[in-house]
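Have a look at the structure that comes next, please.
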Amino acid sequence: MTLVFGVFLLTLLVIVAVAIVRSTNLFAAVMLSGIFSLLMAVNFFLLDAADVALTEAAVGAGVATVLFLSALALTAEHEQVRPGGAALQWLPLVVAFATGGLLIYATFQNPVIGDPNAPVHQHVAPWYLENTPELIDIPNVVTAVLGSFRGFDTLGEVFVVFTAGIGVLSILGLRHTLVEMTSAEIDARQRSLRHHLIPRVVGRGMVPFILLFALYVQFHGEYSPGGGFQAGAIAAAAIILYSLLEGDDRGRALVPEWLLQIMVASGALLFGGVGVVCMLLGGSFLDYSVLAEVPSEGQHLGLLLIELGVGITVSGVLLTVFHAFARRASR
Amino acid sequence: MNLDAHLPILQIIVPLMTAPVVSLLRVPSLPWAAATVTSGLAFAVAVTLTGQVLAGGPMSYALGGWVPPYGIELYVDHFSALLLLIITGASTVALAFGKASLDQEVGHERAPMFYAAWLLVVAGLCGIVATGDAFNLFVFLEISSLATYVLIASAPDRRALMATFRYLILGTVGATFYLIGVGLIYMMTGTLNLADMTDRIAEVGELRPVLVAAGFITVGLALKAAMFPLHAWMPNAYTFAPHAATAFLAACSTKAAIYVLIRFDLTVFLPHLSDHAEQVSGFFIPLAVLAFLIGSAVAVFERNLKRMLGYSSVAQIGYILLGLALLSPLALTGAIVHLFNHALMKSALFMAVACLAFRAGSVQLPDLAGCGRAMPLTMGAFVLAGLSMIGVPLTAGFVSKWYLILACLEYGPLGYVLAGGILVSSLLAVAYVWKVVEAAYFQPRPEGARELREAPPAMLAVLWLVALGNVWFGIDTDLTLGLAEQAAATLLGDGS
Amino acid sequence: MEFLALYNYWVFAVLLLIGLYAVVAKVNLVKRLIGLSIFQGAVFLLYISMDKVEGGTAPIFQTADGAGVFSNPLPQVLILTAIVVGIATTALGLAVVVRIREEYGTVEEDVIEDMDADS
Amino acid sequence: MSPETTIVAALVTPLIGAVGIALTGRLPNLRESVTLVTAGVLAVLVWSLVPQVMAGARPELLVTTMLGGLSIAFEIEPLGMLFGALAASLWIVNSIYSIGYMRGNDEKHQTRFYVCFAIAIFAALGVAFAGNLLTLFVFYEVLTISTYPLVSHKGDPATVRSARVYLGILLSTSIGLLLPAMIWTYAEAGTLDFTAGGILGDVAGPALGVLLGLYAFGIGKAALMPVHRWLPSAMVAPTPVSALLHAVAVVKAGVFTVLKVVVYVFGLDTLTEAGAQQWLVWVSGGTVVLASLIAMTKDNLKARLAYSTVSQLSYIVLGAALATASGVIGAAMHIATHAAGKITLFFCAGAIYTALHRTEVSELRGLGRTMPFTFAAFTVGAISIIGLPPFGGAWSKWFLTLGALEAGELFAVAVLMVSSLLNIVYLLQIPLLAFFRAPASGSVPEGVQEAPLPCLIAIGITSLLCVVLFFGADPLYELTRLLPSS
C-alpha cells in the first residue's frame, strides 16, 4: 500500500515539475514549487526520514516560497513570452537527457530500495545505531550524527547560512530604494494588513504560540525530529508573520537590525566557540565529551549549545534576508 | 593543549571564526586590518603545517574525537600543504595589496560584509583542501562558492551582477554534480571518508554506478575548475570582480577544484577501476590541448586586460590538466608545481592590472596606451610576471613548463605533438603579453586621457614582492618541487 | 515489484533532467533559480531513497536499549545540510536577481545581454 | 682582481652604465660621457681576461643552481673570449659613431637608445660567457627584447611593423625550435653544460640530424635561409643600430651560438661520424650564394648590405657544418673579420645618409669627390669582406677554404669561390660608381661634405682594424686554434 502511494506521489512530483517548467506565470510556478516541496516532504516521510521531511516542509515550502514571492514582488510576475518562445531548445534538451540517461543507466546496478543488505546499511551507519545509546545517550540518532559524529558538517552548514546572510545584506543592504517614496506611502504599503481585523487578531494570537513551538523544537531535538535549524526557521516565521500583520517597521522595532546582525554572527561564534573550548579542555575540536565529567553528559551539553547556536544564526539570517527584501520598494 | 597537533583544524577555523567578528566591525578600515591580520595568521599556520608535514609526514586529525570513517577526518599531506600555502599566501598578499583599490571599489559601508566573505572564501578553500571526507568537502565547497559570489557582486560595475549570477548557476550545478557522484559512491560503498572509499571500492562488484559517479564528479569539478569547455563563467567573473579580489580568486579558487579532481581521480578511482587510466588520458588530453590553444588564442584578440588574463587562465588550467592526464610522476610533478607557479604569476599580473585600473580607471587596452612611462614600476612588475607566464628561464613559469615538456617527450610519439602544442601556446602567450608591452611602452597616451601617476607605494611594494617571487621560485625550487615531487609520488603510489 | 524497486531512482533522474533543462534553457533569471531548486531537490531524493530499510522506522529510539529496525541516519544528516545549502544559494541568487532588475530593468537574460553588448 | 670578480664586473658594468645613462638623460654631454666611460671600463675588464684564456685558463662562475642540475653559470673559453672581446671593443667605436649620427640626425628618444644599447651589450656578453645552454638562452632572449626598442626607434607604423617582424621571427624561432632542441638535449644527455667533445655521443645519427636542424633554424639570429627575413626588416633601424645588429652583437650572437653548439654540445667527432651535418653544408652553402644573388638586385644600400650579411653569416655556419679543425678556426676568425669589415660598411652608409641623406646605390654616382674619406673606407671594408689581402677577411676565407678541402667538400669550395666573385660585383660596384662615374647633373654638392667628426673617427678606427686583423692576426689565430682541440 505504501509502495503504491509512494509511486503515486513520485509520479505526481514529475508532473508538478513539468508544470513548473512549462508555466510562464512565475507566480504560479512559485506556488507549484511550494507544492513540489510539500510532495517531496511527504515522500521523505514515507522513506522514514522524519527530520528531513520536517526541514523540507519548513524550508522548501515555507522559506523558499516567501523568498521567491518577495523577489517576484520586486521583479516581474511573468516570463516574457517570445515569438515561438514556447518551443523546446535542443541543445539543453540533449544535455539534460544525456545526464538523465546516464543516471538511469547506472540505476540498474543500484541496490534495491529498502534492501537491508545494501552497502549503506552495512558500513558506518550501523555503527551509529549501535553506539549512539552508549556514547551520546539520546534517542534521536539523526541529531547525534548531525551534532556530534558529523558536527563539523553542521558547523559548515551554519557558516553557509551565515555567508548567505551577510551576502544578501551586502548585495541588497546598501541602496535602500531606487524610487523615492514618501514616508506616508511606505506607511500605507506596510500597514495594509493592519486594517483587516480578523487575520490580525488571529495572527497576533498565533505569534506567541509559534514562538513557543519553536522553543520546543529547539530543545526537544534530541528526542524527536527537530533541532536548531528547524526551530530557527519557525521562530523567524513567527516574527515574519508579525511583520506582515503589523508592518515591517514594527517588526523591526521588535527585533532591531543591530540585534539581528549580532544574532547572525553570535550563533556561528557560539557553535565554533564550543569547539574551541573543547580544544582548550584537551580534546579535539568539537569533542564535547570533555565538557563534563561523564562523557555522555558532555555530549548533551555540547549538543544543547550548538543547537542553540544554529537556531540563533538561522533565525537571524532568515529575518535579515526577509527585511532586506521587504525594505526595497518595487518599481 | 598541544598546538601542533591542532594545526590542521586551526588552518580552517582561524579564518572561519574571525569572519563573524569582522562582519560586526563598524569602524572604517578595521575590517580590512582584521582580515589582513587573520589571513596572515592563517598563512603562518600553513607554513608551520608545511614544516611539520615535511618533517613528519602526513597529518590526520579526528574531529570531535571520533575515529574515521565514523567521524570526519582532516588529512594534510604534501599536496594539501602546498595548496594551503597557495590559498593563504594569495589571500594575504592580495589583502595587503588591495586596501586602497578595495576602498575605491567596495566602499566603507559594505566593507565588513566584504571582508567577512573574503575570510570565508579562505576558510572554505582551506577546508576543501584539508578535509578527508567527501561530503564535508561539499560543505566547504559551498562556503567558498557562496562567499566568492559575494566578493564578485561587490564590484561597482553592474555587469558584475550578471557575472555573479552565471557563476552562481554554473557553480551550483557543478557542486550538485559532485554531490550526485558522492551519493552514488556512498550508495555502493557505505562510506564518505576518502581513504576508506579507496579501500572499499575495490570490493564493489557492480561498477556501473561507480563509473557514472566518476563521470559526475569529474564534470562537476571541471565546471568549478573552469576547465575547457566548461569555462564560460570564468572570464567574466574575473573581469568584473573587484580588482584585488580577482588577484586573490584567480590565484586559488579554481586550484582547489583541480586539487579535488586530481585527488579523486588518482587515489579513489585510478587504483581500482580497470581502464580508468586510459579513460583519464583519453578524456583530458584533447580537452587540455584545446584549452591551452583556444584559451591563448582568444587572449591574443582580447582588448580587456582582465578578460585577457582570464582566458590565459583557461589555457594555464589546460597545462595543469595535461600534467594530470599524462599520469606519469614527471607530468604530475609539473602539474602540481604549476598550481603554485600559476598562482604566483596570475596574482602578480592581476595586481599590476589593479594598479593600472586604480590610476587609469579602466582596464581596456586602448585606454592604457602609453602607461609605461607614467607607471614604470607597475609595468615593470607586469612584464616580469608576463615573462613568467610565457615560461622564460629563471622565472617560475619555466620550471613547470620544463617538467611538462619533459613529461611529454617521455610519453612517446603523441607526446611530441603535445610538446609542440605547449610551445605554440607559449608563443601565443608571447603575443598577448607583447601586445600589452607595446601598448604601454611604444604608444602615446590617447588624446584627453586621464593623467597617470605611479600607484601608491603600499600597493607597489606587495606587487613587487610577488613579482620577485616569480623569480625566486624560478631559481630556488627546493620547496615547490620538493613538495610537488613528494605529492606526485604519493598520488601515483599505488596507481601506476 | 522488482521493477518498482528502482522507481525512486528513475524519478530522481527524470527530475534532475527537468531541473537541468530549466537551468540551462530558460532565459528568465527567476525561472532558472526555480529550476535550480528542482535540480537540487532531485538529489535530495537520491540520498533519502538510500536510507530506507524494509520494515524500519525513523531512527529515533523508542526504547532505552535502542532495539528495533531503523532507517539509515547518515543520508538524512547529509540532506539536512544539503537543504540548508540549497536555500542559502537560492537566497543569494534572488538577491542578485533583484539587483539586476534594479540596474537593468529586466530579468530576461537575452535582453540584458543585448544591453551589455551595446555599452 | 680574480677572474670570477672580473666576470661579475664585466657583466655588471653595462648595467650600471644603463642606469647611469638613464639618470643623466637630461644632460646629453654627461650622458654620452657615461656611455663612453662605461664602454672603456668594460673593454679593459674584458681584455684583461684574454691572456689567461690564451694561456689555457677557463675562468668559471656559478651563479645559481636550479632544478635537475640546471644552472646559471659562466665559463669563458676561447670562442666566448673572442666574441666578448669583440663586442666590448666595438661598443666603444660604435658609441663614438652613435654620438655623431644621433646628433647629426636630431633623433628623438636618445636616452632610451643608449640605455637599450647598454643592455644589449650586457646580453651579448652574457651570451659570450655562458657556461651552459640555458644561460645562453636567457641572454639570447634578453638580447632580442632589448634590441626591439632600437629597431623600432623611429616609431612610425611602417617601422613598428618591420620591428614586429624582427621580434616575431626571433622569438618564435627561439621558443618554437631552440627551446625544444634544448629540452630534447636535456632529455638525452641529462645536462646542458658546454663540454669539450660534446654531450650527445649516444644519440643515433638521424636524430642527431634533426636536432641539429632544430638548433640551426632555432637560432634565428644566425639568419640561415629561410629564417633570415628579420634581418632585412630590421633595416628600418638607425644606422648605429644596424651596426650593432650586423657587426657587434646580434647576428654575431647567432653564429656564435651555432658554433658553440656544434663544438661543445654536438662535438665535431660525433657529428662527422654520424654524418649528420651534411645537409647543413648544403643549406648554408645555398644561403651563401642565394643571399649574394639577392644582394645584387637591391638598390637600397642598407638592404644590399643586409643581404650581404645573410650571406656572410652562412660562411660561418658553413664552417661549423664542415666540422673540421680548419673549418671551425675559419668560422671563428670570420666572426671577428666580418665584424670589422661590415661595421665599416654600415658606418659609411650611415655617414652618407647623415651628410647627404641618400639611401640608394644609384644615387651615389660621382659622390667620391664629395665624401672621399668615407668612400675610401668603404673600399677597405668591401675588400676585406671579399677576402683579399691586405685585410683581415683574407685569413678567415683562407681557413674556411682549407677546412672545406680537409673535409673533401668540393661543393663548399665552389661556394666560397663563386660567392667571392659575387661579392666583388655587388660591393666593389659602389665605390667604383662613386669615384669613377660622372654624377647625375646638378645632384652633387660643391666641395667636400663629410659626416660629423665622431662618425669619421669611428670609421677610421674600424678601417684600421681591418688592416690590423691582417697583419696582426697571430693572436686571433692562437685563440681560435684552441677551439677544435679542446
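Here the chain labels run A, B, C and D in written order, and each chain numbers its own residues starting at 1.
Rule of thumb we're sticking to: a contact is a pair of C-beta atoms (placed from the backbone, for glycine too) under 8 Å apart; a residue touches a chain by one contact, two chains touch by 3 or more.
The structure displayed is predicted, hence computed values, not measured ones.
Chemist: Could you put a whole-Å number on the gap between the CA centroids of chain B and chain D?
Modeler: Taking the average C-alpha coordinate of chain B and of chain D, the gap between them is 45 Å.
Chemist: Counting in whole Å, what is the centre-to-centre distance of chain A and chain D, each centre being its mean C-alpha position?
Modeler: A distance of 76 Å separates the two centres.
Chemist: With chain centres defined as C-alpha means, what is the inter-centre distance between chain A and chain B in Å?
Modeler: From the centre of chain A to the centre of chain B is 31 Å.
Chemist: Could you work out how far the Cα centre of chain B sits from that of chain C, in whole Å?
Modeler: 28
Chemist: For chain C, jot down the residues that touch at least 2 other chains.
Modeler: Within chain C, residues 16, 20, 33, 50, 74-75, 78, 81, 85, 88-89, 92, 96-97, 99 contact more than one other chain.
Chemist: Could you tell me which residues belong to chain B and also touch two or more other chains?
Modeler: 135, 139, 142, 146, 149-150, 153, 180, 186-187, 192
Chemist: Hey, what residues on chain A touch two or more of the other chains?
Modeler: 103, 107-108, 110-111, 118, 120-121, 124-125, 128, 150, 153, 156-157, 160, 163-164, 167, 171 - these are the residues of chain A that touch more than one other chain.
Chemist: If every chain is a node and every touching pair an edge, decide which shape results: line, ring, star, complete or other.
Modeler: Chain contacts: none of line, ring, star or complete; other.
Chemist: Following the definition at the start, I'd like every touching pair of chains, please.
Modeler: Touch list across chains, by label: A-B, A-C, B-C, B-D.
Chemist: Along chain C, where are the residues that touch chain B in the complex?
Modeler: 16, 20, 23, 29, 32-33, 36, 39-40, 43, 46-47, 50, 74-75, 78, 81-82, 85, 88-89, 92-93, 96-97, 99-100, 103-104, 109, 112, 116
Chemist: Mind listing the chain D positions that touch chain B in their complex?
Modeler: Counting only chain D, the residues touching chain B are 64, 66-68, 72, 134, 137-138, 141, 149, 152, 155, 160, 167, 171-172, 175-176, 179-180, 183-184, 186-187.
Chemist: Tell me, which parts of chain C touch chain A in their complex?
Modeler: It comes out as residues 1-2, 4-22, 24-28, 30-31, 33-35, 37-38, 41, 44-45, 48-54, 56-62, 64-66, 69-81, 83-92, 94-99, 101-102, 105-108, 111.
Chemist: For chain B, which residues are in contact with chain A within the complex?
Modeler: Checking each residue of chain B against chain A gives 1, 6, 9, 13, 16-17, 19-21, 23-24, 61-66, 69-72, 109-110, 113-114, 116-117, 120, 123, 127, 135-136, 139-140, 142-143, 146-147, 149-150, 153-154, 180, 184, 186-192, 200, 204, 206-209, 211-213, 215.
Chemist: Under the definition above, what is the set of chain A residues touching chain C in their complex?
Modeler: These residues of chain A touch chain C: 3, 6-7, 10-11, 13-14, 17-18, 20-21, 26, 29-30, 33, 36-37, 40, 43-44, 47-52, 55-56, 59-60, 63-64, 67-68, 70-72, 74-76, 79-80, 88-89, 91-93, 95-97, 99-101, 103-104, 107-108, 110-116, 118, 120-121, 124-125, 128-130, 132-133, 139-142, 144-146, 150, 153-154, 156-157, 160-161, 163-164, 167-168, 171-172, 178, 223-225, 229, 321, 324-325, 328, 331.
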